[in-house]
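The same chain A turns up in both complexes below, where it pairs with chain B and then with chain C.
Then we have the complex of A and B:
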C-alpha cells in the first residue's frame, strides 16, 4: 500500500503574508473594530470614555446637519458622476481616434490628476472669486452678470462638482481608453458595412462593450464623491448656509473640531453603510442594463 | 480625510516613540512657530542655560494641521512638553477638566505674581470652574479698528466713525462701484464671512464685548447672550451686508483689500501693525480706534483680547522649576523683550505708565492705542464646550447676518436655545 508522505508545512508562505497581515490588523481591522466600539461611547480623546448606549445613533437620526450633509453629498454625486462620465468618455473617444499629438493630449488631460488637491482647490477658489475671479471677469466682459460660484448656496456644490470633474477627468479618460482599445475593430467594420452612423456605433457598440468600465467609473466616482473633503474644507468651509457641507467634512468637524469621537465614528459607520447600499443598487441596475 | 486620520495617528505614534528620550532634569518648552516667538524663546532659554544645571530645551511646536491638533496628539501620546506657550484661552478648560494640566495656583507665589503683573480681573477671568488656575496669562492682541486715514478723510471725517449709525453712514458714503460695471468694488470694511467658529472671534465676539462692556456669553453653565447687545451686533452687521458695505466674499480670495485701498477699515489685532509697517506703500497712512459701539454706549469700550497663554502639562516633573523659568520670560524685562521682538502685547497692567517700556513706546507709537485698549479687554469664558458654542453662534450668524434669512432677535434667541441644550447635555 502506498502511503502518501505527509506534506511538510512550510512557514515561508506565512512569513511572506505576515507584513500585509500585520498592516491589515493594525491599520484596518483594529481601527474598524475600535470605531464600532466607539459608536456606543462618548469620548473626547483625552478624558476617559463614557458608555452612552445608543445615544450617538439617536442623535444622528435627529441631527439636521447629518441629513443636510448627506443630501449635499448625494447632490454632488448627481452632478459629478454624469459630468465625469460624459467628459471622460467623450475625451477618451477623441483621444482614441486618429489624431495628431495624441500623447501630448493624454499628458495634458492627466496633469490635474497629479497636482495636489489643495493646490487645485486654491487655484479654483481664485477663479471662482465673485469680485476679482477670472470667470466672473470673463462673464462681465461679454456683458453677462457675475455668478456667486461659491457665495450663492444654490451654486456652491455645482461649482465644486465642476472643479472635481476637471481634477479627476484625466484618470477616467485612461480607464475609458483601456476599455475602448479592448473593443474589437471588426465590430466597427461590420457596422460600417451596414451603414451605421458614428452615433449609432457609439450607442450600439462602444457603450455596451465598455459597460464594465462605465460601471467601474461609476463605482469609483461614487466612492470618491463620498470622500469629498478637501474642496469644501478649503474653498467654502462647508458654506454658504451649509450648502457644501459634505459627509466627510461633517465627520471631520465632529472629530477634530469638537472632539466628539464617538459621534464621528457613528457618522462614519452610517456613511459606510449608505455607500454600500448605493453600490449594491448601482450593481443591480446599471451593470445588468446592457 | 483618510490622510488626516493617518496624519493624526502618525503624530500620536511619533510622539509616543520619543518619550524615553526626555532627560529627567531637562525642561522642555514648545513655543508657537512664529519666527519672532522662536527667537524670543531661544533668547530666554540661552540665558537660563548659562546659569542653571537643569537645562531648558526649547523648540517650536511640531508641524501639523493646527497647533490644537498637535497638542491633542501629544496629550494622547503623553509626550507633551513641560511648558507650552501659545495655548488659546478657550481650550484651557477642556484640558483642565481632563486632568492633563498642572494647577498652577498650587505653586508657591504663583497667584501673587500673576495678580501683581496682570491684575485681579485677569486672575478672576482665568480661574477655572473648579477654583484652580491652569494658565499663565501671557499675551494679547486686542481687536480694534485700523483705518486708512486718507480714505476716511475723503469722507470729510477726521477719524473713523465709532458708533453704529456713524459707521453705517460712512459705509453708505464710501462703498461704491467705481468702475461702472454694476458691482460695488470699494467697501468701508471687510471681515471673514465663512461659517467657521473661530472667525466669530474676529467680528461678532469683539463687537459684542464692545457693546456690552465685556459681558460673558456663558455664565453659571447657561447661555447669557440673548440680550440687546448681541441682537444689536447682529443687526449692525446684517445692515452692513444687506446694504453692501462689506464684501460678501471670503477674504482669502484675492489680494489684501485694505492695503490695496479697496477697503477703508479693518478689525484686527496688534500683530497687524508690524505687518502693515512691512508691506504698506510709503504714502499709506493709517491710524487706530476702538471698535464701533451702539449709539447710546457710554464710557470705556471693551474688546476681545485674543489671549494666548502658557500652560504646564502634568508630564512636567518639576513644575516649580518650570515656573521659575517662565517668570524670567514674563517679568518686566521679559515683557519688554517680547514687545520688541513680536509687537504683541504682554498681558500686563499699566504698561504705559511703567518706565521700563517708555523707550519702546516712544519708538513705536502705533502700538500705543493697543496698549491703551489692553486695559479694557476680555478673553473667553471658561467653558469646556466653547468651540461648539461659537459654532452655534456662527451658524446663526451666517443665516442672519450674511444671508438675511432670520431677524437678529430670532437668530440670537435660536442660538441661545441651542447653546442651552448643548450645555444641558454636559
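Then we have the complex of A and C:
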C-alpha cells in the first residue's frame, strides 16, 4: 500500500498558486476585459472616457494605415518564413553530417540569437547603408550596382526580413538538429541501397520526418512577424512611406504618440484575432499536406 | 569533394555571422571621420566614441538598472515558478486542472491585446517611472511554471512523503529538499528569463520616461533614434557594443547552457 500522511483539506496549495492567480487577475483577465471595453470608447487617458459605439471598428476598416501595416507584416512573413526554413534546415543538415568543428559553427550561428534586437538593428542599419554600407560596396565592386535597402519602399520590408532571418536562424538550426537526430539512421541506409540521391533523401525522408519542426518554425516565425517592433522602430521609423510600418509599431504609434487608447486597443484585438486565424489555417494546411 | 563543399558553405556562413559584430566593434574604435570608409581594420584607433557616449547619456546607470531589474525578475520567476509548478505537480486541490489550462491559455494569448490596458494599469497604480513597473508584470512567467511542473512531476513522491513525515513545511520541501534534483531546470529558466529581460525594449519604452530609471536597451534605442547621438555614428555604435557586451560575455562562458535552454523553450 502507498503510505501517505493523513489527507486533510489544506489551504497550502492555494497559497502556493496565489501569486499566479493574482498575476492572472491583474495582468491577464482584467486587461483582456478592459481592452474589449476600450474598443467601444474614445480615450486619451487624461480627459474622461467617451462612449463611441462601433466608431473604432468602422474607423479601422477604413484606415489605410491599418491595412498597410497588415500587408507589410504579411509581406514580411512571405519572405521571412521560406528564407528561415531554407537556411536553418540547410545549415542543420550540414551540421548533422560527419564534419569537424560542429560545436564551433553552432555557437557562431547562435550568437545573434542571444544579442538584443537593438544591437542587431543598429549593426545592420550600417551594413545596409546606401553609400558607405558594406553590402552595397560589395555589390558595387562586382558590378551589380547599389540597392536602396532602407531608402526604397519596395526594399525596406525585405531588408528587415533578411536581417530577422540572420538573427533567428541559429535557434531554428538547433530545433532542426534535434529533429534530424531523431530520424532513424536505417531509413537513410535503406534509401542508399535503393540508390537514392542526396536530394531524394532530403525530400522523401528528412522533410516528412521533421514536418512537426517545420510547422513549429512557421508558427514561431508568424508570431515573431506580428511582434516586429524594435527593428522598424530603430532602422526606418516605419518608413519610407510607411513601407515598413509593422503591426506593433502602428499600435505603439496610435497609443503612445497620438494617445488614441481606444483605437489602439481595437487594433490590438484585430491583430491578435488575425494571428490566431493565420495559425489555425497554417495548422490545417500543413497537417493535411503530410 | 562533397565534404569540402559543406565546409566552404559553413565557413562562408560563419563569416557572414561574425563579420557584422567584428565591424561594429572596429567601427566603435574608429575616429568618426574614418567610419564611412571602414571595411576591416581601421588605420587608427581611438576611445573618443566611448568617452563621448559616457558624457552624453547615463549609460553606467542604465547598466546598473538593467542588472538590477533582470536579476530581481530572474529570481522572482524562479521562486514563483517553482512554487506554482510544485503545487500543480505534487499537491491535490480543487481547481488544479483549471489553473493548468488557464496557464496554457495565457501562453497562447497574443500580447497585442494586453499591451494597452497593462500600460493603463501601470499609470493608475502610479508606477510610471518606477522600477515596480519594469519588474512586477514579469515576475510570473507561464513558461517557467510549466517547466517546473514538468520537472517536479518526475521527482519521486517518496522523497516528498519522507520530508513531510519529518515535518518539513511545503516551502522547505520545494527549496531545500527538491531544488538540488532539478538544477538543470533552474539553470534553463534562469538563463532564458535573464536573457529575455535583459533584451526587452518595448515595455520599458512604454512605462519609463525618466532617464535615471531606463534600462540599457531602452536608453540605447532612444539615443540612436532620438537624435541625441548628434548623427555621430561612432557614439551610437559604441553604445550598441556596450549593450551587447554583458550578454556576450555570459554566452562565452555558458554557451552550452544558452543553446540548450533556448532549444528547450522552442520545443516545450
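Here is the rule we use: the second predicted complex is superposed on the first by the 282 of 290 C-alpha atoms of A that agree within 3 Å, B and C clash if a C-alpha of one lies under 4 Å from a C-alpha of the other, contacts with A are read in each partner's own complex, and residues count from 1 in each chain.
Following the convention adopted for this analysis, contacts are C-beta pairs under 8 Å (C-beta built on N, C-alpha and C of every residue); 3 or more make two chains touch, one makes a residue touch a chain.
Quick caveat, the model's predicted, so the values are computed rather than measured.
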Chain B versus chain C as contact partner of A:130, first or second or both or neither: first
Partner chain(s) touched by A:40 [first = chain B, second = chain C, both, neither]: neither
Touching partner for A:238 - first (chain B), second (chain C), both, neither: first
Dominant contact partner of chain A by residue count, chain C or chain B: C
Contacts of A:146 with chain B and chain C, given as first, second, both or neither: first
Contacts of A:115 with chain B and chain C, given as first, second, both or neither: second
Chain B versus chain C as contact partner of A:187, first or second or both or neither: neither
Partner chain in contact with A:272 - chain B first, chain C second, else both or neither: second
Chain B versus chain C as contact partner of A:227, first or second or both or neither: both
Chain B and chain C contact sites that coincide on chain A, given as residue numbers: 45, 126, 131-132, 227, 229, 237, 248, 251-252, 256
Touching residues (chain side chain B, partner chain A) in the complex: 1-2, 4, 8, 65, 69, 72, 75-76, 94-95, 97-100, 181-183, 185, 193-197, 247-250, 252-255, 385, 387-388, 391, 395, 398-399, 402-403, 405
Touch list for chain A against partner chain C, complex: 3-5, 10, 12-14, 16-17, 19-21, 23-24, 26-28, 30-32, 34-35, 38, 45, 90-91, 94-95, 97, 99, 105-120, 122-124, 126-127, 131-132, 134, 137, 166, 170-172, 174-175, 178, 198, 216, 220, 223, 226-227, 229-230, 233-234, 237, 247-248, 251-252, 255-256, 261, 264-265, 267-269, 271-272, 275-276
Complex contact set, residues of chain C against chain A: 2-3, 6-7, 9-10, 13-14, 16-21, 23-24, 27, 35-37, 39, 80, 83-84, 86-88, 91-93, 96, 99, 102-103, 106, 109-121, 123, 137, 139-140, 145, 161, 164-165, 170, 195, 198-199, 201-202, 205-206, 217, 220-221, 224-225, 233, 236-237, 240, 243-244, 247-248, 251, 255, 258-259, 262-263, 266-267
Parts of chain A lying in touch with chain B, wherever the complex brings them together: 44-47, 125-126, 129-133, 140, 145-146, 148, 150-151, 153, 227, 229, 236-242, 248, 251-252, 256-259
